[in-house]
Amino acid sequence: MSSTYGENLKLSIFGQSHGAGIGMTLDGIPAGLPVDLEALQQFLNRRAPGRNAYSTSRKEEDRPEILSGIEDGYTCGAPIAALIRNNNARSKDYSNLYDCPRPGHADYTAHVKYGGFQDVRGGGHFSGRLTAPLCIAGGLCKQWLEEKGIRIAAFIVSIGGVTDPYEYDPTDPPIDRICQDFPVLDPAIGEAMRRRIEEVRAEGDSVGGIIECLITGLPAGIGEPMFGGVESRIAQIVYGIPAVKAVDFGAGYASGYMRGSQCNDAFTFENGRVVTKTNHAGGILGGITTGMPVIFQAAFKPTPSIAQPQQSVSLSKGTDRPLVIEGRHDPCIVPRAVPVVEAAAAIAIFDMILGNTQTDRRK
Amino acid sequence: MSSTYGENLKLSIFGQSHGAGIGMTLDGIPAGLPVDLEALQQFLNRRAPGRNAYSTSRKEEDRPEILSGIEDGYTCGAPIAALIRNNNARSKDYSNLYDCPRPGHADYTAHVKYGGFQDVRGGGHFSGRLTAPLCIAGGLCKQWLEEKGIRIAAFIVSIGGVTDPYEYDPTDPPIDRICQDFPVLDPAIGEAMRRRIEEVRAEGDSVGGIIECLITGLPAGIGEPMFGGVESRIAQIVYGIPAVKAVDFGAGYASGYMRGSQCNDAFTFENGRVVTKTNHAGGILGGITTGMPVIFQAAFKPTPSIAQPQQSVSLSKGTDRPLVIEGRHDPCIVPRAVPVVEAAAAIAIFDMILGNTQTDRRK
Amino acid sequence: MSSTYGENLKLSIFGQSHGAGIGMTLDGIPAGLPVDLEALQQFLNRRAPGRNAYSTSRKEEDRPEILSGIEDGYTCGAPIAALIRNNNARSKDYSNLYDCPRPGHADYTAHVKYGGFQDVRGGGHFSGRLTAPLCIAGGLCKQWLEEKGIRIAAFIVSIGGVTDPYEYDPTDPPIDRICQDFPVLDPAIGEAMRRRIEEVRAEGDSVGGIIECLITGLPAGIGEPMFGGVESRIAQIVYGIPAVKAVDFGAGYASGYMRGSQCNDAFTFENGRVVTKTNHAGGILGGITTGMPVIFQAAFKPTPSIAQPQQSVSLSKGTDRPLVIEGRHDPCIVPRAVPVVEAAAAIAIFDMILGNTQTDRRK
Amino acid sequence: MSSTYGENLKLSIFGQSHGAGIGMTLDGIPAGLPVDLEALQQFLNRRAPGRNAYSTSRKEEDRPEILSGIEDGYTCGAPIAALIRNNNARSKDYSNLYDCPRPGHADYTAHVKYGGFQDVRGGGHFSGRLTAPLCIAGGLCKQWLEEKGIRIAAFIVSIGGVTDPYEYDPTDPPIDRICQDFPVLDPAIGEAMRRRIEEVRAEGDSVGGIIECLITGLPAGIGEPMFGGVESRIAQIVYGIPAVKAVDFGAGYASGYMRGSQCNDAFTFENGRVVTKTNHAGGILGGITTGMPVIFQAAFKPTPSIAQPQQSVSLSKGTDRPLVIEGRHDPCIVPRAVPVVEAAAAIAIFDMILGNTQTDRRK
C-alpha cells in the first residue's frame, strides 16, 4: 500500500501540498502512553519550513490539531489522528505542470500513473510537505521510546560536498555531541555547509547530502529474521522519505570492501553483559538487534527544483521544450530532513517493539 | 512478519539449514502463467553450493519438489509450494554454538530472542541456505516478467577490493554483456576477483563485495508513493538476504554529493516516447518507475565464518573465550548471491505489477 | 488491526464520539474515479441521527469535509481523507462510566483493555457514531460499483419481533421494491415496525432486528479461496459494525437443515450465460462469486442503552450497584444501520474487485 | 489474500486434493512453546476421513511431516512447516469436470476465475481435504492455548433436521459433557443423527448441520475495536472452512428478536471478579472479550456431492446437461468438521493473544 506503513501499528498518511490539509492516522497504539504535545511541537518545528535563511520562505505553522486518540495527555487506545491545515498555499497557476513535468520530480510518473487526474500543485501527495505528518507519528513514537531509554538522533555528515571527516566509536556514538541549531557534530563544518548552501542558492542550483542516524538504548532481540529484519523495516520507511536514494547500516557500503577478520565484531563481556568490541554490524545481526547502537545512513539527492533553465517536454505536443521553475525553493532539504529521518526510524523501531516476542532462557 | 513478504502475492519461506527441508509457499499468483521447471533449475543452479572451486564444498542438489500450484506447465491458481530436502546435512555436533556465538553470525541475537530454543545447526533459519527457496519464488517471478519483456540481471562490481572501473550508459545498461559463468562485465576483472577469493581462503579469511542489478523493459507507472515506492519495496526484500548491509538506487550514494543541475535527468521525446537523457534516478521518481531501466546496488559483508581464531564469549560461564570455527566455508558468497539479488528484485517487481492500478489519460 | 480494513484498499477509521471529530482515510483508490459529493451526502443522511421520530434526538450534521484525495470531482490517486466535526457533543459528566460500566456496552471491556485511559464519553471509539466514517468510505465505493453496474441495497426484515414474511426469488432480488423512507419491502409492515419501536421507547426499552443486503450485477469470479472468500471478507467488515451478532449468506442458517438435493443450485444456460436456477448459495461458491446476486443477512442486538434501571457494578468499590442511564437514546438502531450495512458490503466488494485477477479461458 | 490468515501469526495453506501433498506454514510463533506431536495426531484423527461408517471411505493417513520450526518438542522460532502426502489419490479421470461443473461445488467459479487452468481433481485447492493443514495449525494453537488454561471444544447441535433441544447456562458451558466419539451433548440424539445420515446416504442424498463452539478460560480484554474484534477475526477464518454459510455469536440471530432489557447481560461481582449474570453477548462486547465464555455457532450446508442425478451445463457446448457424480462421498461432513471449527477458533484466538496489548490500571 502506498501511504500506509506498519506491521503492528498502522500509520496512514494523507494530504496534498496545496489541498485542505495534511495529516495522519496512527492505529494500534496501546492506551496509557504519555504524550507531551509541546515537545511534539518542538520536534515538528525542526522540520518546518521558513525558519532559516537556508530554507524555503513559505511559512507554514505546521501546528497539528489532534483529532482523536489522545485524552488528558495520554493515549486512550483509539487511533490517533492529527491534521495540519494548509494555510499558506498560494493560488498560483500550476496547470502548466500537467503538460511539462519538472525533471527530478514525480510529475511525469504521477502523470503516467494517474492519467492526468493527479493534483500537481506543489507536488501534490509527493510533496516533501507530507513528511510533516510522518514527523507527527515519529515524534510520538520517539517520545514513547525515550520513556524506555531508547534515544534516536540524526546529524548531517555531508552537504554539497562539504563532508565531516568525523571519527567516533560506533559502540558509543556521540549522540550528545550533535549541535542543536544545525545538527552536525562539528559546528565549524556546519558553518561551511551553510555557506555552501548559500553559494548554490546564488547560482540557482541545489545540493544533496548524507544524514547519519544513531539509535542507542535498544535491547538485544528486537527484529525478525529475513524480511522482518531491522534493516528491512527501517529501509522501507526511510525510502518513503522523498529524495532518499541510498540507505546503509553500520559499516554499510564499506563492508563490501572489508575482510571477515576485520568486519566481524568480537563478542566480549562488559559489566556482565555481552557486547561487541567494534560495531561494524551497526547493531544488527541476522536482522535482530545485538544490543549495541543501531547506526544507519541515508543519502538525499539534491532538491530537483532549481532556478536554472532545464529541458523537459510538452506532453500534449509531443515535443521537447525548455522549463524554468519559478518561485523560491529550498536549495537543500537535508537540514530539514534530519528530524524526518529520526521520525522514520522511531516509527520502525516502535512498530518492531510493539510486536516483539522474546522467549525466556531455556533452563 | 519475519519470513513473509508481499502486498499482492504472499511469499512465505520456511526451513532450517539442517532440518528436514527448506521451501516456500507463494500465494496470490494468477492461474495460467507458464512455468519452465528446467529453466528454474538452471536458475537455482547458479546459486547452488559446491559447484565451483571458490565456494563451499557442501554439495546439495537444491532440486525442488513442486508440491502444489503448478499443473501441466502452468500455474493453476492455487498457492505454489515447493520443498528442497536437506540431504547433505552432516550430523556433526553443533551444541557448542548454543554457548559460544560466532562473531558476525546471528547466533547471539537468536540466543537472546529465542532463549536457547533456536536451531543453531548451520545457522538454522538464518542460514544463507534459505536463499534457495527465495530463488524458487524469484526464479518463477523472473520467468513471468520475461514473458512481459522485463529482464533482470545482476553482476559483480567488486569483490575483496577488486573493483570493476566500469562505465556504461544507465539509460541503456549492458545486460547482455554480463559474463555467463562468473557474472561480471569484464572477464579479466572477474579472473582477478577469483584470484583474490583464493588468496583470502588461503589466509583463512573471507571477503565481501558489491552487486549491481539491472532491470529493463519496465513500463512507467509501476510503484506507489511513499512507503509503497519501488525503492521501499525492493530494499525491504533485498535486506532480507543475509549479509546485505547497503542498498542504493541509481546514482545512489553519489546523489548526496551532486548538484541538482547535474543530478536531474532531463526529459526528452525519443521515438514518440518520453525518456530521460540520463538516468541518475535509477528509473524511479516519487517511488514510481519512469520507464527507464531500474538500477540498484547491494553491498555484502564478508562471510562471517572464517578459519582464523576469533574472540567470543561463553554465555553460560559469563566469560570471554577464543573460538575456532571448524570446517570449510565459502570465503566469499558474492558470486552465489548474484541470482539471489535477481530473485529478490523479481519478486518485488512482480508483486508491484500484480497490484498495479493505472488510470487512462484524462480526455 | 483494530480500525483498519482492506487487502487492496486500506481503510483507516478514527475518532471518538465526543472528541474533536471523526473521520477516515481510504488509501489505494485508483485516480480518475468520479465522485458525486451531493449523492454521498444523501447517503450519509440516511444514517444520520435526529431525523426521525424513532431515532435519537441528537442532531449532528454529519457533513464531511474532504481533506484530500478528491479534486474537481474525481479521485486524484492520493489517499482520500474526510473529517466530520463533532459539533453537538454535550459537555455532560460521563465520569461515572469509568466506575460503573453499562451492560451491553463496551465500557467494561474497554476498561480492562485500556486500563482507565479510554475515552468513555458517548462510548468513545466504540460509539455507533463511528459508522459515519464507514459510510463515507462505503458511500464512495458504492458510487464506483454503480459505475460498473453493481448495485447494493439493504432492507429491514425484522424489528422487535415484527417480521416481514416476504418471499422473493433470490435469483432476481427485489432491489427496486425497497421503500425509500423506511427501507422495508412492505410499507404496512414497516408501519408496524415503527409502532413497535414507539411502544418499546415508551416502556424505556429497546429492540433489535434483522437486515438483509442484496448485491446485484456482480460478475462471476470475484473473491479468493479459503480466508479470502467473499463470505470471509464481508463477514469481517460487517462484524465491525457495532451490535451485529450474526451474519449469514444465501440460505444461511437454513442450509444446515437442508438436503443436498434441495440446497444445490442447478446450473443452466440463460441467454448464453451460465446461471443457477435457484440461489441458496447466495451467489457464492468456494468463496467466489457465481454471477448470481450476493445476498446476506445481519442480526443486530437491541440498543444496550435503555431507560429501565439495570444492575451493574462499581469497579472501584468492588460491589454491585444499580445503574440508571440518563438521556434519550435510540430505542432501535436498525433503520439507521441499513446504509451502514450497504457501506460495509460496498467496501468489501470494491476491495475484492480492486485486487481481482482473472485468467482468460484456456484455448 | 486467498489462503493466508493472521495479523500476528501468518498461516499459509497450500495443496490440492490430488496433488503431491497438502500442508501449511505458520510463521510468527514464539520459540519455546511445547509441542505434543502425539496429541496433534489424535486431534487430526478426529478430522480424518475413512474412520467411521458415516464418512467417506477414502482412507488417508493424514500424518503430517514436520519440515521445520519444531525441535526436540519445542518451537524454535523459525516458521513451522508441515506436509501431508496425498497417498490415496486415485488416478481416475476427472477431465469431465472441466466441462460440466458440479452444482454446489466451486468447479464453475474456479473455471471462471482460473480460465480452465485450475486443478479440478477432487476439488483441487477447494477440497475439504485442505482443512487438514488448517487442523495442523489449529491443533498446535489449541495446545498452546491449553497451556494458558484456555479450552476450545465444539459439538454438533443439529444434523439433517435432528436437533438437540439442549439447554445450558452459557456462563458455564458444558465443555466436559461433550461425547468423545461422536461430539454431541446427548448421546441418544447423536445416535439419531447417525441414523439420519445413514438414511440420506441410502437415498443418495446429503445433509448439513449446525456446530456450536465453546471457548472457556479466555481473559477479558482480548480483541480490538471495529474490524479487529473477536467476532470479525473468528468469522473470517470460520468462513474459510468449506460449506460454512452462517456464523453467529452468543444469542446470535435470536438477539435480533430480543429487547434490550432481556439481552443486556447484567454485571456482578463473583469471587472478587466482574462477571455477567447471563451471557447473551457470547463473551464479547465491543469486539473485546468480557472474560465470560466465548460461544459461537456455524451452519454447514449439505455436502454438494450427491448420488442423485443433477442438472448442470456443458461449458464447451453451451447447453444444459444432466450430471451423475460417481464414487462414494460423505453424506454429511458435519461430524468431521467439528475439530476444524475448533482449529479455526484456536488460530484466531491465539493470533489475537499474540498481538494483544493491555494497559495496567490507571492509578
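Letters A, B, C and D mark the chains in the order given here, with residues in each chain numbered from 1 onward.
We adopt the following convention: contacts are C-beta pairs under 8 Å (C-beta built on N, C-alpha and C of every residue); 3 or more make two chains touch, one makes a residue touch a chain.
None of these values were measured; they are calculated from a predicted model.
Undergrad: When chain B meets its copy chain D, do both sides use mostly the same residue numbers (more than half shared) or mostly different ones?
TA: Same residues, largely: of all residue numbers at this interface, over half are found in both copies.
Undergrad: Farthest chain from chain C, comparing Cα centres?
TA: It is B.
Undergrad: In angstrom, rounded to a whole number, how far apart do the mean CA points of chain B and chain D lie?
TA: 39
Undergrad: Could you put a whole-Å number on the gap between the CA centroids of chain A and chain D?
TA: Chain A and chain D have C-alpha centres separated by 45 Å.
Undergrad: Any idea how many Å lie between the Cα centroids of chain A and chain B?
TA: Between these chains, centre-to-centre, one finds 26 Å.
Undergrad: Of all the residues in chain C, which ones touch at least 2 other chains?
TA: Residues 1-4, 13, 31-32, 77-78, 110, 113-115, 117, 125, 225, 358-360, 362.
Undergrad: Of all residues in chain D, which touch chain A in the complex?
TA: Spelled out, the residues of chain D in touch with chain A are 8, 30-32, 77-78, 225, 354-355, 357-360, 362.
Undergrad: Note which residues of chain A are touching chain C in the complex, please.
TA: It comes out as residues 1-4, 10, 12-16, 19-23, 25, 27-28, 31-32, 65-69, 71, 74-81, 83, 110, 113-115, 117-119, 124-125.
Undergrad: For chain D, which residues are in contact with chain C within the complex?
TA: By the definition above, chain D touches chain C via 1-5, 7, 13, 101, 103-106, 108-110, 112-117, 125-126, 130, 158, 160-161, 200, 205-210, 220-221, 223-229, 231-233, 235-237, 239-240, 242, 244-269, 272, 274, 276-277, 280-282, 284-291, 299-306, 308, 310-313, 315, 318-320, 358-362.
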